[in-house]
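Could you have a look at this structure, given as structure tokens, before my questions?
To keep things simple, chains are lettered A, B, C, D, E and F as they appear, and every chain counts its residues starting from 1.
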Amino acid sequence: MRIGAYGEVMMRLTPPEYRTLEQTHSLRMDFTGTGVNLLGNLAHFGLDTKLLTQVPDNRLGDTAKANLQTYGIQTSFVGKRHNHIGSYFAEVGYGARPTYVTYQNRHNSSFGVSGPDTYALHDFLAQVDLVHICGISLSLTEATWQTALALAQAAKAQQVAVCFDFNFRPSLNDAADRAKLKERYKTILPYSDIVFGSTRDLAELLDYRKVFPDETDDQLIQSFMDVYDIKWFCGTKRLAVADQQFITGKIITKEAAYETDAQLLQVLDRIGAGDAYAAGILYGYANHWSIEKTATFAINNAVLAHTMLGDVCLTTVEQVEQVMHAPGTDLIR
Amino acid sequence: MRIGAYGEVMMRLTPPEYRTLEQTHSLRMDFTGTGVNLLGNLAHFGLDTKLLTQVPDNRLGDTAKANLQTYGIQTSFVGKRHNHIGSYFAEVGYGARPTYVTYQNRHNSSFGVSGPDTYALHDFLAQVDLVHICGISLSLTEATWQTALALAQAAKAQQVAVCFDFNFRPSLNDAADRAKLKERYKTILPYSDIVFGSTRDLAELLDYRKVFPDETDDQLIQSFMDVYDIKWFCGTKRLAVADQQFITGKIITKEAAYETDAQLLQVLDRIGAGDAYAAGILYGYANHWSIEKTATFAINNAVLAHTMLGDVCLTTVEQVEQVMHAPGTDLIR
Amino acid sequence: MRIGAYGEVMMRLTPPEYRTLEQTHSLRMDFTGTGVNLLGNLAHFGLDTKLLTQVPDNRLGDTAKANLQTYGIQTSFVGKRHNHIGSYFAEVGYGARPTYVTYQNRHNSSFGVSGPDTYALHDFLAQVDLVHICGISLSLTEATWQTALALAQAAKAQQVAVCFDFNFRPSLNDAADRAKLKERYKTILPYSDIVFGSTRDLAELLDYRKVFPDETDDQLIQSFMDVYDIKWFCGTKRLAVADQQFITGKIITKEAAYETDAQLLQVLDRIGAGDAYAAGILYGYANHWSIEKTATFAINNAVLAHTMLGDVCLTTVEQVEQVMHAPGTDLIR
Amino acid sequence: MRIGAYGEVMMRLTPPEYRTLEQTHSLRMDFTGTGVNLLGNLAHFGLDTKLLTQVPDNRLGDTAKANLQTYGIQTSFVGKRHNHIGSYFAEVGYGARPTYVTYQNRHNSSFGVSGPDTYALHDFLAQVDLVHICGISLSLTEATWQTALALAQAAKAQQVAVCFDFNFRPSLNDAADRAKLKERYKTILPYSDIVFGSTRDLAELLDYRKVFPDETDDQLIQSFMDVYDIKWFCGTKRLAVADQQFITGKIITKEAAYETDAQLLQVLDRIGAGDAYAAGILYGYANHWSIEKTATFAINNAVLAHTMLGDVCLTTVEQVEQVMHAPGTDLIR
Amino acid sequence: MRIGAYGEVMMRLTPPEYRTLEQTHSLRMDFTGTGVNLLGNLAHFGLDTKLLTQVPDNRLGDTAKANLQTYGIQTSFVGKRHNHIGSYFAEVGYGARPTYVTYQNRHNSSFGVSGPDTYALHDFLAQVDLVHICGISLSLTEATWQTALALAQAAKAQQVAVCFDFNFRPSLNDAADRAKLKERYKTILPYSDIVFGSTRDLAELLDYRKVFPDETDDQLIQSFMDVYDIKWFCGTKRLAVADQQFITGKIITKEAAYETDAQLLQVLDRIGAGDAYAAGILYGYANHWSIEKTATFAINNAVLAHTMLGDVCLTTVEQVEQVMHAPGTDLIR
Amino acid sequence: MRIGAYGEVMMRLTPPEYRTLEQTHSLRMDFTGTGVNLLGNLAHFGLDTKLLTQVPDNRLGDTAKANLQTYGIQTSFVGKRHNHIGSYFAEVGYGARPTYVTYQNRHNSSFGVSGPDTYALHDFLAQVDLVHICGISLSLTEATWQTALALAQAAKAQQVAVCFDFNFRPSLNDAADRAKLKERYKTILPYSDIVFGSTRDLAELLDYRKVFPDETDDQLIQSFMDVYDIKWFCGTKRLAVADQQFITGKIITKEAAYETDAQLLQVLDRIGAGDAYAAGILYGYANHWSIEKTATFAINNAVLAHTMLGDVCLTTVEQVEQVMHAPGTDLIR
């Protein structure tokens, strides 16, 4: 299965060794973003992957493209326009000290200012079987919203499956924004086959409320899936027990639901783990696996993503299966 | 409140990645010392801070000053004389392997050989509201002892509050030294308003013994405080449970005492955490906080200090409060 | 003499070892800008220096301030607003390969969007004897132009000397911009005492043409100086002989002119050398040196600036004089 | 024009900062080889490039592929077999100290042990317009010789142009080897359209001798070209004048010859410059440029290759043209 | 006691910071091998140590020797022949992600191709009191097997004690190999005084089965020891409890057996810990310690080995004893 | 020939990339000193070398010893006492900017406080054929002067050749010191066979003046050699022509003199080049080469020393001869 994604490429700058920005002159430069993270992982799973985006028409754009290619992502639909790329600085935490992310100007980036007319949507869709759209496009700029919508509509028309990721961050939106966002989410959801989200998204953004006193979360989600004719609804949950963290993954179809066992997390780099879960899900979906097998594969991939530096999880299928089948192995030679 | 400190600036040299000195040619250079650590943290809390010290009159002195300024410490009372700076090498431990500190010649340093006549004590005190003096000055050299005493006396005269830190390390002193030290501690304590120490210090250095069989530690300390008219007596305690480490902080006044809950420690760099506790205490004192609020703030700051590389804890008030109010958060964006 | 400057703080990101961005994941982070470079050097010459600027109200702003303090620049007039800092990437060249600079979005930076009402101009000027204004402020945004002008006018009113640097880059401006710029330059020049520029600036920006066939460059400049009542006009010239590069420095007063001998350049880092020349000039001016002594000091400082990595030249007066008096020395111990 | 190449991928391991292996624990890992260098540069010139090779079926093979993709080389014909990759260590020289290369076992590499049956030669050739074959394949192993020959023959049959690079290193071959090699070179040359070599190669390997006393080098080469029906014969020459090094490039056709002016070399990394010259030649050839324009472009590219670390020259067409049209520029912004 | 060892020197190449090979261009180079690890640690314990091996006769051999000397190993019996050294790449794992080792060609190494005639066995044995032979020599090549056997036989003849380490890795051998290996192990065991191994080795390689239903593991091993007249049989066992790992060490003599308490493992680098246990055992043996004291010392050394980066454990006797006598100490100064 | 040396081991700390101390937190740690530099190079030439010195009895001493062993120096006469090692910081210059060395406290080092009774002089001399003594020992402390003298006298008695290096630095000594030094030099010279020095040393330290108006430098030196019965007097001279530096080497015997051609210097690291010249001289002397051959070898070694980072020149005989016989080669493979 050939997978496409529409999303922003960002530059991530990270001080080494858990240091803060004040403590160092040295930064690690990587290129990330939901689409990048997802496709980079799927390329390592052996799938054909293509990113639809815009990067600056300068040395930073050249460098971004070279980095995407390293991950195995095809860049024939990566355009070069304007001269700004969104960036963020990640001061990696330790123990009680949280990881601290500082964003630099995303709205004026080459990606942020590029609307649907700057992309060859039809050609792109002709070369993929499933396309991933990140919800951040709906709130970033008018141009990215228009592009996301045009892409979803064209995908439907060209019979390309659509995977939509809520990626809704309440803290980033005020009430007025939220009303506008709600409309946009409701506009794009009918074109979606697979959705990544949570009951919190349904409640806080779409105002879903339980109708019957004993309605379960799963039933609530399934009623949402009915409205928009969604096939798979997927998400993860984090739990803290004492000073340990655990994670579970879930897939819900219209008829069934499966939640994995809780897995212990040992965290080297927190960022990008959700995208690794999504990559696992899409890999199972592409291979027509059961939801049980898919969710188990995906959650193990997410656990591994926490153990790798950088946003992009570079696991292979063999590595995920090794951890599934022989957990606790600490040395392979 | 404007805070001053009298103390040594040392060069810390640290191999990277938990390596030993034999395993590397690469060292990280930082500038530290009790006064530096304390003032650097307080400057990040937004206070006006000034260090009273001497550094070499050469490139090392220039570099030391530049580093102090990075922390936000004012250097107008940092003199430049002679040509040696005390240094230490920290081989950072891991698990069962302890961190190993090797000191290089501190007695002949610019700081060690400089007596009270080399400082403008009066001018310095005119620009601060509280001055911190580290007990190491009492044992380092005759010159540093004379300076510490002259400073404490002048502070009293100029109505500047004095904060004195025992910093007594039994292993570094033989019996004869200890007798001399005891006299010095007893000489300087009457000038002190706030004291950092422990019952062990009172017992081993000042020969304090409980008088009544059921006298509590707090009562013992309060009787000591009465003798020297000390307002706040502050310290921390470390506990090990299984393979986990915990810390509590305490403040004792003549009438009351407060000890914080035990906090789990996850240790990235062990050195300097005591100074972070002191910085938290002085910040609460400067803001006329209650001892409960002050100790809680200080112990959280000490916990964070264990998660930052280097001796100098660079937390802001917002960061400490974030951890106090939302512990367990592992990603902020 | 106390020196102030109004100018942008930028983040410079540099790959190590002459590498290109594609060849590395590692970047060196520094904070620079004409004002930063100038004041950082003057602080190393022993002068009191203050920067007037705005940095982001986030971790990047904190880090920028810490870096300014390292250089010895006072930051009490460095405000914190908004969340973006201009940045540039420098791929350092070697031999035939030029150094390649890529700018990222400067117009939306905290500095770029801040007008005169965001600064305490009067208080700032009360604490300096001379203020430096960089011509880039005139073309960056309307807000920076308004700030530059208000500052120059207030300086005149408060009898603070003004040093203005043309810093005009023809390639960055189209014809319409150039007309607007010309007006702005003509508006601010009457407030200027010292000007850094070149005959090319006068010709290309202000349309100065020689009136008499044998009018010299110096006479042309002096007639320009008469119009705006400028005391010192200063600049450098670069010459290439075979594969070697040389530089000369010049100072013109209304009555005299002095040009230094050509000095061989050996270039480790090309960026910031012009600011080092300016620092040398202002140091001579502050000390009431002759133009001969001043230009010689300044050009030697500029030569040294080419041998130091980073934009900010960190030479001391002793180092410059050492090179002036014992050129060719290659080891000092 | 779509360019293919058959050649080995090697791991290059380089100590930093001109250090020797004994002086460091740190190595830079890159992936190189004549084909890699050539295609990586041509990809940066905007051409479609594909490598035909074998890498190990393990983590080193994965890493090699990721690195090729970074350069923009397509890897669909990069097979994965066995478990060894040839490697070399480069201790970079300085001044009088030469760069010192130490090879590790190339004969047993995945590439070395793979014969023509392990490649889809026909499919590969169907996707390229010109294929480059490196002479090292003729001496490495029997398997690589058989592959090179089969590829050249199939290319002829499929009307794909063949570019053959002598790459003959006399010091690596004894007399017996040389006789065998001579036969191999004579067997493959008839299939070649473009040849990279020198009169020394013709003399030492193929025993070409001048027939007439005043026969020029060019005439000798042209008589060789007649025998094998070669279109372009290309090479470079190095000259030392005092302590400076210069380089010239030459292209000879059956009717004409052009040699460029000598260009000054400033050398940061000596290795791979010949491949950059070849890339420039093939780019001119692909664009049907004149030999004058082609050789000038190629020699400027070779000069730039000396100024970039690593074997693979990553110049773009714009960068080469910038140096051709404005030599001496040392800063672009 | 003077200790010798016969074994391969390998180059270990490790990406920094838990990164994978794809994520970095930077590798740490170390020189390791069972014999190197063992002797390097024993040299730090103060013993006289000598390695018998062959390294390449090129810059890699020079570098390998320099590294052995750093550890304190004497290199007068380290020969230089041929040009290849075995190497391996270690991608260090974290949490659920295992450490992943990739070997490069060991059979063609200078060590692998060198038989007994290339060594001065007699002279070597004349300078040691005990010689260590690693079981890997028995499976690597015919030449290394012949050397190992000749050395064991000569040791017996020269009354030098022999320590033999099974180091049997079932996954590396197919059935035919295993039969050949079994013969080799049975051939060399009669010359051995101390053996490192496990009941799994006895069962899987030598087909030992319990004779009586209630025969204990210890009895099985003792019956094996009787056959070959072995004095000490030593090994470690790993246990996982929840997400924590523990280790115990055991020594069995013909009459007695001692197993240590389980020790908690905190793992920074997993590789080489077994060799550290062996070093501890040999140190106790050399000092005629009891098996209780020896095993306790050895297991503490093994625990420390897990906390040090690199294969070679560089602990001193003082450091091991410090951890034995004051476990939990986290800072020494 | 077996070579010994008596001299200080110092820690050298160097910022990377030509940076100043203020610009970095990263330092390279190396261990150097005249004796170390000399013996390290001679060990690479294949000679048996031993250092007589004292290092601290702590982790720094351990590390110093490990580093000496890396160079191939035998450390059986390296004692461990006290706790301080002399150190220096080298800010490496570029072009017009000189390398700047800052020393830290050498007088209180383990070496500085150790007199002749702390060494086994007799045993040491029994194991060497020639011993090198550095003149710095004469001015460092009374203890080092006493040791140097005792060693020279014992060498004479045990018929071990003595090589004495003036290493006189006028700037480090005032007039009173100089008088004392003069006596010490005159005391030790009679025990010396080979001397490294210059006419400047004879003039400034020993007050040698030409007696006859046309007396040559060589004659002056030979009359000095007569007085003290010195066999070889050796030194180098530096010349600057335009912006290039050259070096020549000279050996004078009682009957003859030879000065090499001037060699162009390209300088990567200036420090330690004199010691490389001395190593070359002693290697020629040990092999009974002619003074012509010896001086040529030594000066080429000194040229190479300028191209290697660090004080210790690690050239092999083959590398020096390669440069002598094929100068200008820039790539060896």
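Basically, a contact is a pair of C-beta atoms (placed from the backbone, for glycine too) under 8 Å apart; a residue touches a chain by one contact, two chains touch by 3 or more.
Composition by chain, UniProt nomenclature: A, B, C, D, E, F = Carbohydrate kinase PfkB domain-containing protein.
On a predicted model such as this, the values are computed, not experimentally measured, just so you know.
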Output for shared partners of subunit A and subunit E reads B, C, D, F
Note, CA centroid farthest from subunit D's centroid sits on chain B
Same or different, please, for the subunit C to subunit D contact, judged on whether over half of the interface numbers appear on both copies. different
Please state whether E-F or B-F has more C-beta contact pairs across its interface. B-F
Whole-Å separation of chain centres (CA-atom averages), subunit B against subunit D: 63
Distance from the mean Cα position of subunit F to that of subunit C, given in whole angstrom: 46
Inter-centroid spacing, subunit C versus subunit B (mean Cα positions, whole Å): 42
Set of subunit B residues in contact with two or more other chains: 17, 20, 22-25, 62, 66, 70, 100, 103, 267
Of all residues in subunit A, those that touch subunit E in their complex: 16-17, 70, 244, 263-268, 300, 303-304, 306-310, 314, 319, 322-323, 327-333
Complex contacts: residues of subunit D adjacent to subunit A: 62, 66-67, 69-72, 316
Touch list for subunit B against partner subunit E, complex: 17-20, 22-23, 88, 93-101, 103, 240, 243, 245, 267, 270-271
Touching residues on subunit B, where the partner in the complex is subunit F: 13, 20-22, 24-30, 58-60, 62-63, 66, 83-85, 87, 89, 91, 100, 102-105, 108
Can you list the subunit A residues touching subunit F in their complex? 23-25
